[in-house]
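Structures for review follow.
Shared chain: subunit A. Partners: subunit B in the first complex, subunit C in the second.
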Partner chain A sequence: MAGPVSEDEMNNRSYYRLLLIGITALIPLSLFAVFVFLGTYSWPAIRFNGLHFLIGKTWSLGNLYANPITLHGAVVPRGARYGVLVFVAGTVLSSLIALAIAVPVSLGVAVFLSEGAPPRLRPALSFIVELLAGVPSVVYGLWGFAVLIPFVAATLGPGLKHLFGWIPFFRGPVGGGYGLLSASLVLALMVVPIIAATVRDALSKVPLEIKEAAYGLGASRFEVVSRVMLPMARASVIGASILGLGRALGETMAVLMVSGGALNYLPGNIYGPVSTMASFIASQLDSALQDPTGMAVRSLAEIALLLFGITVLVNILARLLIGRKGATARA
Partner chain B sequence: MRRMFFVTKKIAPWAVAALSLMPFSVPPAVATQRVTLLETGSTLLYPLFNLWVPGYTRAHPGVRITTQGTGSGTGIAQAISGVAQIGASDAYMSNLQIKQNPSIANIPLAISAQTVNYNVPGLNRVHLKFSGPVLAGIYDGRIRYWNDRAIQSLNPGVRLPRKVIVPIHRTDGSGDTFIFSQYLSFSTPQWDQNVGYGTTISWPALPGSIGAVGNPGMVQAAQQNRYSIAYIGVSFSREVAKAGLGTAFLKNRAGRFLLPTPVTIGAAANQLVAKTPKDERLSLVFAPGVNSYPIINYEYAIVNKHQPNRAVGDAVRNFLRWAVDPRGGNSMRYLSQVHFMPLPGRISQLSKVQINEIK
Partner chain C sequence: MPLRAPKPLWRGRRTLAGVLGWSGAVLAFVLVAFPLLDILYLITRRAFSAFSLTLFTQVTNGISGGLLNAITGTAVLVAGSLIIAAPVGILTGVYLAEFGHGRFGSTVRFCSDVLTGVPSIVLGYFSYVTLVIGLGWQFSVMAGAITLAIMIVPYLARLTELALQRVPNGLREAGYALGMREATVIARVVVPAALPGVLTAVLLSTAISVGETAPLIYTAGWSNYLWNGRFTHEPIGYLTYVIWSFINQPFASAHALAFAAAFLVIAAVLVLNIGVHLLLRRKVPAH
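Showing the complex of A and B:
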């Protein structure tokens, strides 16, 4: 076979190469295209809103039934102001709380699946966890709406308030269950399978010899898991958590159904209503289309751009973390 | 995709039914006989369309009409974009919107009203009294407790609890928000200046206030949150009763406190029939007259006068003509079930003139 290669063959190879490069380039190109589209589309809004966009708490489409006015060189409805601090706070808080709940739970699930569960049941249990990761988010949202909200309002909320009322964020009115706590719990439920499945994979890849060596040195089962296996899987744990965070940041439907749709104010405590960036875009697009000047839709696009930016940032951060800490482990 | 969001987040039992209809809600194909129309928008009109459509299509097997309750904002947006042939809205379009979309007609189909409902344990059987300024105070945070002096003075002798009021508002673009905020704007200069009215308004920052989606969401949220107050379309009064919520007397322009009844809704409508312009965009909120219930409105079909083809244009025109006809959709047989009132004769005529322009 290793004879001289014909000219045709060479041509074929280079076409093939070009084709692959082209297909591969589609991915970064589409990412770039989304960025450029969002940037150019929201540019009038970026100019009009300025820095107030990030620090303002008031989102107002203005008076859509009066004639628009010209303000800072832009034609906008009278009284229009677009501040997204409330949505940024809702997004970040709900995602971080969700992650704080989900990571320990996921680690427990992963350890159980790889070490604790009876070997014969492991494939079935793992399959169920992976299945949960694929359930459409609206299903979780419906569950949250029908089951979780009454539970939070009647039991969990008052219980947390009773136990942790000395912490300011757990004090105050519990409300009707719509809010940050419910949103975070639904998000946590959605994120657990993602993290658990990834970490379980990593744990199962820890070489048997290393585990045996640890046992041989007299380590208990708990010590093997906590001192040997989990540190080796650290990069995976971080990576999976960031993956889960990404999903939580962008989750739309499930959050929309349980968050209470707060507008213009920050949550006073963990039970208070919130809005997230993604759910706000989804719920307000049709309202924004009522704005004849178009500034409302462009401001929604600016939210999308911001969400896009945050997601990219989170992923870069994850890369850096894995790159640094993953040097010792290869799981 | 967008439409799907709005359907799915309704979550009411019929959300499942609406979802199962999704595949059919594509714009109608040019069929020789069969035409499919999509109606979407106002959740206040949704129950009426669900009564109308079976009645109409039984007699007219050539059309199929899909209905969706997605909020008036969506109704207007999708009628303009052409996704829906009939957009349902409790709000008329603004002057500038009409200027930008001159081919869109706002056609009244019936007269509706809105109730203010509350969930105050022990008082839900009592019809509490509210005025526009007091409601404005509740929604902008100047009145925070149920036993506030402003509420108490309207309801002498009622033992109001010292509990924080939970105001509930719509988060979707909503004609109910439109007419409710008009009531506040027309009765309270301070609200008019600071907030104003619209299908989506910037609700004053009020920690603990709740956003809900659609009228079903409002009923649900009011039921689940004790000490809440909400504005709900009259077509949901059965659900309101089932949820055990209280219904308020509202103060009208003449200073009387009224409940929405055929008499008080009709009285308010009669005050403004003569003022209704040819394009029929007029607010009926806070009408003069001692017997006028203060929050009533025309329920609009938002329709493009230039439909994509003749078959569709004919189907839309015929259906709407039937809808405004007192022997058809405007008979009390349909309207009384959702507590709407039929169009007065002159308005019915104006609507027919607009309907006839649909091509």
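Showing the complex of A and C:
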């Protein structure tokens, strides 16, 4: 800052800067508040459920019409059990299958958008992918309900069973289309734009000299992309995939509308119904409110806390990887 | 006879790899673009048959009627979330761009990126615990709007920061040279110069708010009636609720309303995104 600053101006400056700092602090504070308030609210449930929460396969509200009993120092409905293993499994399975589909597709999309498509069309084609990222979750769910479910039930499911029936996970009844496969497909469609956009940006940052050097060595156009550019963008690809994983883990409405909503049931094959943690929370409030002891609502909060912890960890990992990409790309 | 290099044996294989690779890339794009077009086609086709004047003049009545309560409810919730989030998000963006070079700035940046990754249903449950139950507001406009605001503040902050960073330092220096105070430079020079970018941030956050469902189930509830102006203790309807709830009803009238609501939501998102695109494409005037 040039020149002497009057005392009046100093006061003025520190005043509005303090205001800005106070407002800026709201973001870390809200993150902290989510953790604290979910933790406090679900604390009775955490104590009551113990480890059974993570390893139990049964979610039962118990007998809501009998008098509540006192168990392990907590007042709960008789027979209440809150195990979320089924939902954790549904969340992890659907997200991982989605990622297995989405990552190769995203790489293809990113390569097509940054190198393959005619340069004049690239902005328009990129816009299509950006729009896909903007489509609300519930609209994906509606499309899944109206288009994907019938397609999976009539064509894709039987086809997969026919082709890969020798793998246990692809065997068995195909069902009505609601289930793990449909959920994973919708999730894949939803995370492709996220991964593709990040990878496309990373590809566009590859220095021209390096591309020219590769061409100079006699590499074909595809070899420049696959042997030079994609390896340089590796950290971004991994970071973006984890970012996509984080999105898939927490996706709610679309999954809720196509997953079939399994309760107390682990899917035996890829067509079976599942519930994810997020979709279960969204669908269970009404019934949890019937519990006069409130333990069901607190246990739902415990699921939310668990989901919060998982997604925060996944996002931190992704951000660290993407943040480092500059250093890696130059190496 | 000109000198000719021997044709390498592996040349065919390299060509084949290239053809396969590019076809794969094109196929991947088609696999992604087709669903988007199909979504737009499906919703337009199914919504078309449901469109009538009553959609905009009547409230939902069980599983039929119009969407007036949902349309106005979405507008109220989105406006409320923007009124809360825009000042906070934009000022945070200003801080990050102008003063956020230290550790506090990078912490906030990191937290804001993490916050965008927190599932909306978790934020909804947080608001349910704190606002709906804790403060006793019940399902209400205020609880819904605050939840949406928490969701969009990080987007607003980061996009505003990005817009302000693009303002050339020469402009700031010119302001100081004219004897402006720091606050004046920011308010009268930097922010106006970055206005298209800030507007982009607001449009994108609006699009996010319009399409959000999961956190509102836990905070706004649902109402068949028009909003009566109360901020707490009164649930409110919104379009996305109609989509997910009415499609599960076995009645044609309910399905028609669900698709009509989806059409309105997707049209709003589309218009907002195109607006963003046009704003971003505008060339920044040379300084």
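Please note the rule applied: the second predicted complex is superposed on the first by the 317 of 331 C-alpha atoms of A that agree within 3 Å, B and C clash if a C-alpha of one lies under 4 Å from a C-alpha of the other, contacts with A are read in each partner's own complex, and residues count from 1 in each chain.
Here is the rule we use: a contact is a pair of C-beta atoms (placed from the backbone, for glycine too) under 8 Å apart; a residue touches a chain by one contact, two chains touch by 3 or more.
Since this is a predicted model, take the numbers as computed values, not measurements.
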Review point. If you stack the two complexes on chain A, which partner ends up touching A:273: first (subunit B), second (subunit C), both, or neither?
Key: first
Practice item. Could you look at A:150 and tell me whether it touches subunit B, subunit C, both or neither (first, second, both, neither)? Key: first
Review point. So, A:227: does it touch subunit B (first), subunit C (second), both, or neither?
Key: neither
Practice item. In the overlay, answer first, second, both or neither for which of subunit B and subunit C A:47 touches. Key: neither
**Study point:** Which of subunit B and subunit C A:138 touches, first, second, both or neither
**Key:** both
Check your understanding: So, does A:285 touch the first partner subunit B, the second partner subunit C, both, or neither?
Key -> both
Exercise for review: Look at A:37 in the shared chain and tell me whether it touches subunit B only, subunit C only, both, or neither; answer first, second, both or neither.
Suggested key: second
Exercise for review: Determine, for the superposed model, which of the two partners subunit B and subunit C contacts more residues of subunit A.
Suggested key: C
Check your understanding: Of the two partner chains, subunit B (first) and subunit C (second), which one does A:256 touch, if any: first, second, both, or neither?
Key -> both
Exercise for review: State whether A:67 touches subunit B only (first), subunit C only (second), both chains, or neither.
Suggested key: first
Study note, to complete from the structure: Residues on subunit A touched by both subunit B and subunit C 138, 141-142, 145-146, 252-253, 256-257, 282, 285
Check your understanding: Quick one: in the complex, what on subunit B touches subunit A?
Key -> 2, 5-6, 8-9, 11, 70-71, 73-74, 76-78, 80, 94-97, 99-100, 164, 166, 171-173, 196-213, 221, 224-226, 228
**Study point:** Residues of subunit A touching subunit C in the complex
**Key:** 1-2, 9, 12-13, 16-17, 19-21, 23-28, 30-31, 33-34, 37-38, 41, 104-109, 111-113, 116-117, 123, 125, 127-132, 134-143, 145-147, 189, 192-193, 196, 220-223, 225-226, 243, 246-247, 249-253, 256-257, 278, 281-282, 285, 300-301, 304, 307-308, 311-312, 314-316, 318-319
**Study point:** Contact footprint of subunit A on subunit C as seen in their complex
**Key:** 14-15, 17-18, 21-22, 24-29, 31-33, 35-36, 38-39, 42-43, 46, 87-88, 91-92, 94-96, 99-100, 104, 107-108, 110-115, 117-123, 125-126, 128-130, 134, 150, 153-154, 157, 176, 181-183, 207, 210-214, 217-218, 240, 243-244, 247, 258-259, 262, 265-266, 269-270, 272-273, 277, 281
Point to revise | subunit B-touching residues of subunit A, taken from the complex the two chains share | key: 57-61, 63-68, 79, 81, 138, 141-142, 145-146, 149-150, 153, 173, 175-178, 252-253, 256-257, 260-265, 267-268, 272-273, 275, 282-290, 292-293
